[in-house]
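Several structures are given next for inspection.
What follows is a pair of complexes built around subunit A, which joins subunit B in one and subunit C in the other.
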Partner chain A sequence: MATEDARYRQTSQYQLWSFSPTQLAAMRENTNAAARTRIADRLASLPAASSNTSAPTSSVNTPDPEGAATPALPEFLTAPEEAQLMNFNTSELLRAGDHAEMPDEIKATAAAFFRRFYVTNSIMTYPPQQMLIVALFFACKAEGSFISITEFGKQFGKDNPEEILAGEFLLCQGLRFAIDVKHPFRALRGAMMELSTLPDIEARQVPSPLPREYSLTLLFQQRDRLAAAEHRAREILRFSALMTDAYFHYTPSQIMLAALSLADRGLAERLITQTFHYVAPPPLSDNSGVDTPATSGPDALSNNTKKAAAPRSHNNNNNNSGQDKTQMIGSQIRDRVLGTIETCRDLLSKELPERREHWTNKAVIKAQIAPLRKKLTKCHDPDRWNLVELQRVRREQAAKKAGGGGGSDDGEPDDRTLDGDAAVFGEALPVPPKRRKVGAGATGGGAGQGKGDPFGGVL
Partner chain B sequence: MSRRAPPGARTGAAGSGSTSSSALAAINTEDMCPVCKTIRYLNKDMEFLINPECYHSMCSNCVNRLFNDGPNQCPYAGCHRTLRRKGFRSAFFGDLAVEREVDIRRRVAAVFNQAEDDFETLRDYNNYLQMVEDLTFDLVSGTDAQRRAAEATLQQWEAEHKADIERNRKAGREADEQSRRRLAAEREAARLRRIEALREAEEEKRERARSREEELDSLAHGEAGAAGGAQRVQLKKRGQAVASRAVEAAVKTDVAAADVGRLSIRGLKEKKKAPPPEGPYDPFGGLDFVPSRYKLRPELTHPGIEKYKVDPAHITGGYNFDEYTARAMFEAFAGLGVFIEDEKEVGIGLSAGDVATMSAGIAAVGDNKMELA
Partner chain C sequence: MAVSPLVAPTSDAAQPSQFARPTSSPFKRQASAVPSSNGNGTPRYPPHARPPAPDAAAVALDPIEQLNEDEKRKYVKGKKLGEGTYANVYLGHVRHDPATLVAIKKIKVQQQYLDGMAPDAVRELKYLRELCHPNIISLLSVFSSKDQNLNLVLEYLPLGDLEMLIRDVDRVRYGAGDIKAWMGMLARAVWFCHDNHVLHRDIKPNNLLIAADGDVKLADFGLARSFADPGRRMTANVITRWYRPPELLFGARHYGGAVDVWSVGMVFAELIIRAPFLAGNTEVEQIALICKQIGTPTEDCWPGVSQLREYTVPADVVPVWGKEAYMGRFGAVGPDGVDLLVRTVALDPKKRITAREMLEHRWWRTDPKPTRKEDLPRKSAGGEEKMGADLKRRNGTVDSDSNNRGAKVARKLDFGQAK
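Moving on to the complex of A and B:
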């Protein structure tokens, strides 16, 4: 196994956040179904006068506030509708990132966070329009650009930073604390580096059969061609890869090659054939190639013969390393890579950068998104929709749980008497002076409800 | 006459009620042979012997009398054990129950003689000790059935693990031997040191006497200044001698310590067998960083980084552009051969079901919290 692949398999992106399309679809269905039942329960258990909890919270334009209070269950979003809304919100996220002039990596990380979060959480449960801001803020931190929350809030017209901070831990939980996202941007640079060295070296040494258009006469155009391809590929990576589920289904290098192939097919194929150039040494050349289960029928055979026609300067007769090499850079694996990149290319081509206009088109929004939003205002989770309120309630819970024995709200926080089972172990240990000081400071500084809170009072 | 007094006193006391009975009891248990009723008073060097068959004590006279002609029945009423002369010995403890328990424990310990090192974990060892203790308790104070069962277990174990037991016994003996040798060596060293110290003191005394005499002589000859010089020289020489002797002694003790199995510190745990060499520590858990799909070459570069290569803000700090190149190249080729669809479908890593149940779990926790609210 190639060392590069082994290293990629160590990442959380591979271990936690890579799924096959069927798995991902199943998970989204599950999430949708679970959200439906839960929200139905909650709505049913709500008292009739529930408008005070749900009405003012959503940032979506609510056309009919009375609609939320109807006792009958609303119509829920289906999984495809959720996907539609999520794509729309992803484009909103990218637009917000552009508005704040963030680097590509941050926007991409935020988009990945956003989409990952809504794999196991339904859009009906947590408000996407707030979560996308949270994702952007958290992505800034994840990418090492530490911006102050007030500054950040101002950019999006949010005066109360609490609105952003409230969703942060929630987002982390949804991400299962895997906050390192591997992007294809730098990989694209690497590919360009490799490609820029190719023509002048390879054209002289080995006459490669595939790319006929790379003759010496076109050499001087290479640079421009590479630059154009890179520009286009980067555009695709900045939009298409983020708007689709490519990050779940493909590795960054595959996404990169698919984008490159969309930009300039010849370059991508050239790079792949260049990389997986190894042909098994003569004694076990063609037959062994067909025997291995990884080969896919006549296609592989034709490739093998093609390869044999273009002999390369490999004088490595060692059997063992030969097999290793076949595993790493052999022609069978090349065919699989080509196939994978082809599917990825299809996926990316659904959301080409030109679709940016589609997602901001007023008519489209009115026709497709607005009805969904309208639906959403009726069927969202009444308990979870307001993140600030949710966080406040959770903190109170935590404080109640943690402060059950010692330190109630008004009492002395260091009430060191023991009761019940704890008394078996004798008297309480004396509090170290430093701790005592901190405790005293907390009682002096924190006001009211912040006392039992490990994170201090309200900001 | 005074010899006769105690029996007279006893008979006198016998007449006077309750005090006599307690005195008699004392005599009964401690000083009277229950077989021949001889009392210690009449036979000063009377010795009580027991046989570990039944732990009934009797005086040595009775033993000689009864068992000289070969095995015989225990003379205690109701005890039908056949005893042999050879089995008799004097009891170490006054309380024969304790004597018996100690005997049993010794016997069990001789059979169950595993050391802690023989076990994988401390827990196993403790469990083993518990088992042995239970068995011992059954032997000491269990009912007949329990005792028989324990006895059977003991014999079975002994039969099955004869080799182990023998080996452990030998190891124990060796350890004993070693510690004894070490103690002896230490004692010997201490003795030598003492002798040395004595000799030194003696010598010093003699030296002092001689120097004093010399001083007196010199005074008598009227050479006061010379005497002072001599004294000083003398002192200096002696200091040298002491120092050199100290060095010698240190070397000698070192050698001695090396002789006695390299163990000069008491209570130091003996080093176990060295673990097999396992090679240098690999912080990356076997990942190797040699690229297999590309080669890092100096001509790899990108127009995007060219301008930074001459930018003082970047080159002054010593930024290495090769690092960037290596990273970009790695990312370009990492995971090319990872086919997520195939690998995740066959269940490498976390499957969809796991994720779903996990998220359901999170949601359930959240629900509980909300309901509490």
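Moving on to the complex of A and C:
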């Protein structure tokens, strides 16, 4: 059976929505550039009067010194400005989810949807304030909670739910129809359960440096280190992990460990060393009888270290299993994991839960967000900003030319070499064979591929 | 377990192809970058992103729309295989390889469901997109058509479904080895779902489609859901009545993979006797049949059962039948086969065999050997229409039905088309 890692690599979250920071930045630049070009073209072709730069009626008849046919183009948002607005709107989304008392999973799924959508769609193209509500609505469905649109709309004071529905399909398309999001919440619970079984966890809080303003008074009083750590880590997962690009760059477990590490570094490291404990035996020479491991003794016979040093007739087998172990739970992996957790931790620490206040701070909004919004009202896409209208037009178009399809073959581009940090997500995937061998390969691996394997193999 | 996927992504570089899946191919471009629409329909790929020349963006397609357009163009839609209220099903093929057939399931915008994309479409999309197994129908691609309908491109399964084979008593003969082969494939599919924390909740013979090479494929994930967190309630109104386990008939709101295992047991029994084993016309009748044929659920054999919301059983208690009682009717699969059957229909879901344990059962290893899939009996005609009919159906009962429990009819079981 497949390891959880192998399973994770099969998810759409990994296959479609995991990127290196460089990749992600390039995609966002690209999206921004494409939107600018299109909106510029569109605005240029619109007659001045109907352009969305507000034209007071009184000035319609006055001569335009610049010439009415070529209205000046607005200033567009840059990619970093879009990112800023996206972060702000993600925090708005989380607030809206809190307001409607949605479960953590739904809010988290909605946040992931929202940020994924705006990887390939510009904030200048589709209105983020509406799309965040759409993301919340669709996240409810994706998490199996099917509530009526009227009911849902009421929670946000929207009497006309049409706007939400109009954006649903758009969102779904922007998500590339991959609507399963893997979260770190259950992983955290599991980690805490695992930690609680370890005998040597100190019961008292030994806090790693925490922000001074964060009060753990109550929890300190309980002197319950695990409970405090879980509480804090969960807060981080509920906010920091969603406000950053963590879901794009890291697996749920990595995010969970990074959050735990921020809450209580000792616990996270304990868990990691507990998992990656394997010490490879020294390579065997021909007369290997002498290097008996120090742990020898009757009960060490079942010990892997001992096995690896067993008589030569078994060497091949045992060496292989030793290598496998080293590869999976050896110290090299441990160090790499620690490194990954550390970078994820750095990322999460940019948006610690205390930053919730930052994003609702009036002064911050006035200084940082309002100017961008103002810019946005001038540079947004005139054709797509109104979702209801857009949907109506599209439906009309579809009705006009029912059928359709066809067209020429599109060339499959093959310049899929990966540069820079893109390589962490593996080489470009080759066109997979028509039949996949999940039973024998991914899922059957490890447990044995023979006929005797009830989980795979040929029946 | 919770910390298992720790390995840094870097370590994947050596062996990603092993895990590549066909489902990924239509989407995988995304992994590299997003194309810019540069006017000629050919997406351009960074890493070194160049903004398109200002005059080149005459085509007003978003990058994502362009991708969708490309996706759509990969397939050619052919004749209609079936038309239903929920979906239309078309035969199609891959544009550059006309020999590769696909089924395109176009989900209709549903008039009666006012809340946007319908639950069954959402569920089907969510789970089929993630589950990738030889015995689960593969979702090759998804695209939207101009009228904003979802189009699911599924692998083409031309040989009908298990129900068709079961019913065609005159022309289709099969034996214990064949049943073992089909059951093996079904058990693997269910195990894979459960191992991925997905409940199918509508297992029955006409959701088990047959591929050209004889593989059985579990289809129709319109009622599927993820395992609920402990304490969270689920609807009891799932699974077509004849295949529905007693705990759901009694209104249990907390349940697990055992519900699917019961359905597997019902399919197993049906394969042997070539008729539905417990075919109740109402829920009450269904419960009565279970009591009569398997035994009455009581506190003795199923501690806690009387606490279930809708627990009612006929007054005359029938003791739970032992293995021997099944031998007469189901003996064709041998004592080991009967042993497996009895374990799948344990009344108490806690005592019911799990999908994993099913696969470890000794029956698979005793004679007769399961038939090789290329030698399995098949029907030569009618499969194409059958796939059309199977896919166009509205998926099983939906949550919203639960408020009219009295009139609740799980779903019409139409045998008319399956002669």
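We adopt the following convention: the second predicted complex is superposed on the first by the 320 of 459 C-alpha atoms of A that agree within 3 Å, B and C clash if a C-alpha of one lies under 4 Å from a C-alpha of the other, contacts with A are read in each partner's own complex, and residues count from 1 in each chain.
The criterion applied here is as follows: contacts are C-beta pairs under 8 Å (C-beta built on N, C-alpha and C of every residue); 3 or more make two chains touch, one makes a residue touch a chain.
Just so we're clear, the structure is a prediction, and the values are computed from it rather than from any experiment.
Visitor: Which partner chains sit in contact with A:Pro21 here, subunit B, subunit C, both or neither? Use first/second/both/neither.
Guide: Only subunit B is touched by A:Pro21; subunit C is not.
Visitor: If you stack the two complexes on chain A, which partner ends up touching A:Arg395: first (subunit B), second (subunit C), both, or neither?
Guide: second
Visitor: Which holds for A:Ser349: it touches subunit B only (first), subunit C only (second), both, or neither?
Guide: A:Ser349 contacts neither subunit B nor subunit C.
Visitor: Which partner does A:Ile333 contact after superposing on A: first (subunit B), second (subunit C), both, neither?
Guide: A:Ile333 contacts both subunit B and subunit C.
Visitor: Check whether A:Gln129 is in contact with subunit B, with subunit C, with both or with neither, and answer first, second, both or neither.
Guide: In the superposed model, A:Gln129 contacts neither subunit B nor subunit C.
Visitor: Between subunit B and subunit C, point out the one touching more subunit A residues.
Guide: C
Visitor: With the two complexes superposed on chain A, say which partner A:Thr31 touches: subunit B (first), subunit C (second), both, or neither.
Guide: both
Visitor: Would you sort A:Thr197 into first (subunit B), second (subunit C), both or neither based on which partner it touches?
Guide: first
Visitor: With the two structures laid over each other on chain A, which partner does A:Ala227 touch: subunit B (first), subunit C (second), both, or neither?
Guide: first
Visitor: Is A:Ala142 touching the first partner subunit B, the second partner subunit C, both, or neither of them?
Guide: After superposition on chain A, A:Ala142 lies in contact with subunit C alone.
Visitor: Indicate the residue numbers of subunit A shared between its subunit B interface and its subunit C interface, in ascending order.
Guide: Subunit A residues touching both partners: 1, 3-10, 15-16, 18-19, 22-23, 26-27, 30-31, 34, 38, 119-121, 173, 176, 186-191, 193-194, 251-254, 256-257, 275-276, 328, 333, 336-337, 340, 383, 394, 397.
Visitor: Provide the residue numbers of subunit C that touch subunit A in the complex, in ascending order.
Guide: Where subunit C meets subunit A, its residues are 1-13, 16-22, 24-25, 27-34, 36-37, 41-43, 45-49, 51-52, 54, 56-58, 60, 62-65, 67-70, 72-74, 76-77, 95-96, 100, 114-117, 119, 122-123, 125-127, 129-130, 132-135, 142, 144-148, 150, 180-181, 184-185, 188, 191-192, 195-196, 225-226, 229, 359-360, 364-365, 370, 372-373, 399-400.
Visitor: Which part of subunit A faces subunit C closely enough to touch in the complex?
Guide: Going by the criterion above, the answer is residues 1, 3-12, 15-19, 22-23, 26-27, 29-31, 33-34, 36-38, 40-42, 119-121, 125, 137-138, 141-142, 144, 146-149, 164-165, 168-169, 172-174, 176-180, 186-191, 193-194, 251-254, 256-257, 271-272, 275-276, 328, 333, 336-337, 339-340, 383, 391, 394-395, 397-399, 401-402, 404-411, 413, 415-416, 418-420, 422-439, 441-443, 452, 454-456, 458-459.
Visitor: Could you pull out which subunit A residues touch subunit B in their complex?
Guide: Per the touch definition, subunit A meets subunit B at residues 1-10, 14-16, 18-24, 26-27, 30-31, 34, 38, 119-121, 173, 176, 182, 184, 186-194, 196-197, 223, 227, 248-254, 256-257, 275-276, 328-329, 333, 336-337, 340, 383-384, 393-394, 396-397.
Visitor: In the complex of these two chains, what residues of subunit B are touching subunit A?
Guide: Subunit B residues touching subunit A: 287-294, 297, 299-304, 325, 327-342, 344-345, 349-352, 355-356, 358-360, 362-363, 366-367, 369-370, 372-373.
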